[in-house]
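Handing you this structure, nothing more for now.
When the chains are written out, they are named A, B, C and D in that same order, and each has its own residue count from 1.
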């Protein structure tokens, strides 16, 4: 079964999105820890679309097939390809670190694949995660 | 937030659809009794689409706004308009009753509005229910 | 579909457990067939542990009621949860199927 | 965003409760501002009751760490749940923020 969640692109919607995804844990058949990682990935990308993207609507689709969860995030904001975002160097000392850039770094760490395409003025980010 | 669930039109999918909707009770903010009624309505219409419709894919969308839940059910099966289905006479005695026709009767009882349209070879049934 | 069966005097008591929906009702219909072939006892459906019924479940109950209309034995249901009872009423089934609050209610009735 | 604050010797101990995510972190940053303006004590973030942290939460912690790099007082974190600790490590924060298993661990350290 595919589950699609649609929210308005405002930060107050992020909480209910995450709560709803958490309530789907049985359908996704994952551990608490994996759910925590899924929520983190969603939060990072959806918050980015809300805060930086400037679109109106965000759609998140979850599709669990066998041992793989496919996540698709669509937003109608300005074009942004997270696969091209510059890598943070997590080995830098404190004085060289600046706040920012960690979101996409965490997303990459907690997922197995990350792809991007733009179709009809919509950003489509697809991710997979072995569950 | 809108939630859309998509299943293949096979009867074994109905169980997971219903379980997933049940797990959304917090997002829908309804009582146990209301959830039971929502499940009944979904089961009747989705089972009909699976058993009589002959389509491939069924989509259920739930959208709670204030005190109203809007349910949209789409399937790509043969055209069928439930608003035109003949009314069962529930006052008939046992000998005159035949099995069948009760599904849509129950659907009408447990919802406030029921509408149908056909668009691009898809049946679209929309229902609302005060919650 | 799980269910339990017991006998009390000349009554078969069948207790479906859980849900009578489109998925489970065909199963339950098969289970019930044994008590419908050529009834030699009353049949009581005890719905105490039935949490949910849809039109697919009603269909099975209707078919059972029809069989018992033709024979000397009685058919009834009992111990319905509110939601299940409401579905029976909305469907008008309460006009031709006796609904008892308890198993004892039916037992006493057939004893009279 | 809920949090509790306590003092032990010359240490301010701040315990955020629940989640440090995009929604709650701006709130928490405001709460913390008081301890960052002109630090007169050590600051320990006790994450015992923190269930979840995202990059928005890391940002607040990074900014706090930067402030304390400039002063004579120490900044540290303690009592992280596994998932929170992992997020810190993936982000390389454990290389410049001391992480203690217990509050006492930090208290002993600053006493030396």
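For this structure, a couple of remarks:
Note that in this section a residue touches a chain if its C-beta (ideal position, glycine included) is under 8 Å from a C-beta of that chain, and two chains touch if they have at least 3 such contacts.
Here's who's who by UniProt: A, B = Serine/threonine-protein kinase RsbW; C, D = Anti-sigma factor antagonist.
None of the values given here were measured: they were computed from a predicted structure.
Among the remaining chains, those touching chain A and also chain C are B.
Here the spacing of chain B and chain C, counted between their Cα centres, is 26 Å. The distance from the centre of chain A to the centre of chain B, each centre being the mean of the chain's C-alpha atoms, comes to 31 Å. With centres taken as mean Cα positions, chain D sits 50 Å from chain B. Within chain C, contacts with two or more other chains are made by no residue at all. For chain B, no residue reaches two or more other chains under the stated contact definition.
Applying the touch criterion to all chain pairs gives A-B, A-D, B-C. Of all the residues in chain B, the ones that touch chain A in their complex are 1-7, 13, 16-17, 19-20, 23-27. Across the complex, chain A meets chain D through its residues 11-12, 14-15, 18, 33, 36-37, 39-40, 43-44, 47, 50-51, 88, 90-95, 97, 99-100, 102-103, 105-106, 109.
Against chain B, the residues of chain C that register as touching in their complex are 21-23, 52, 54-56, 58-59, 62-63, 65-66, 69, 82-83, 87, 90-92, 95-96.
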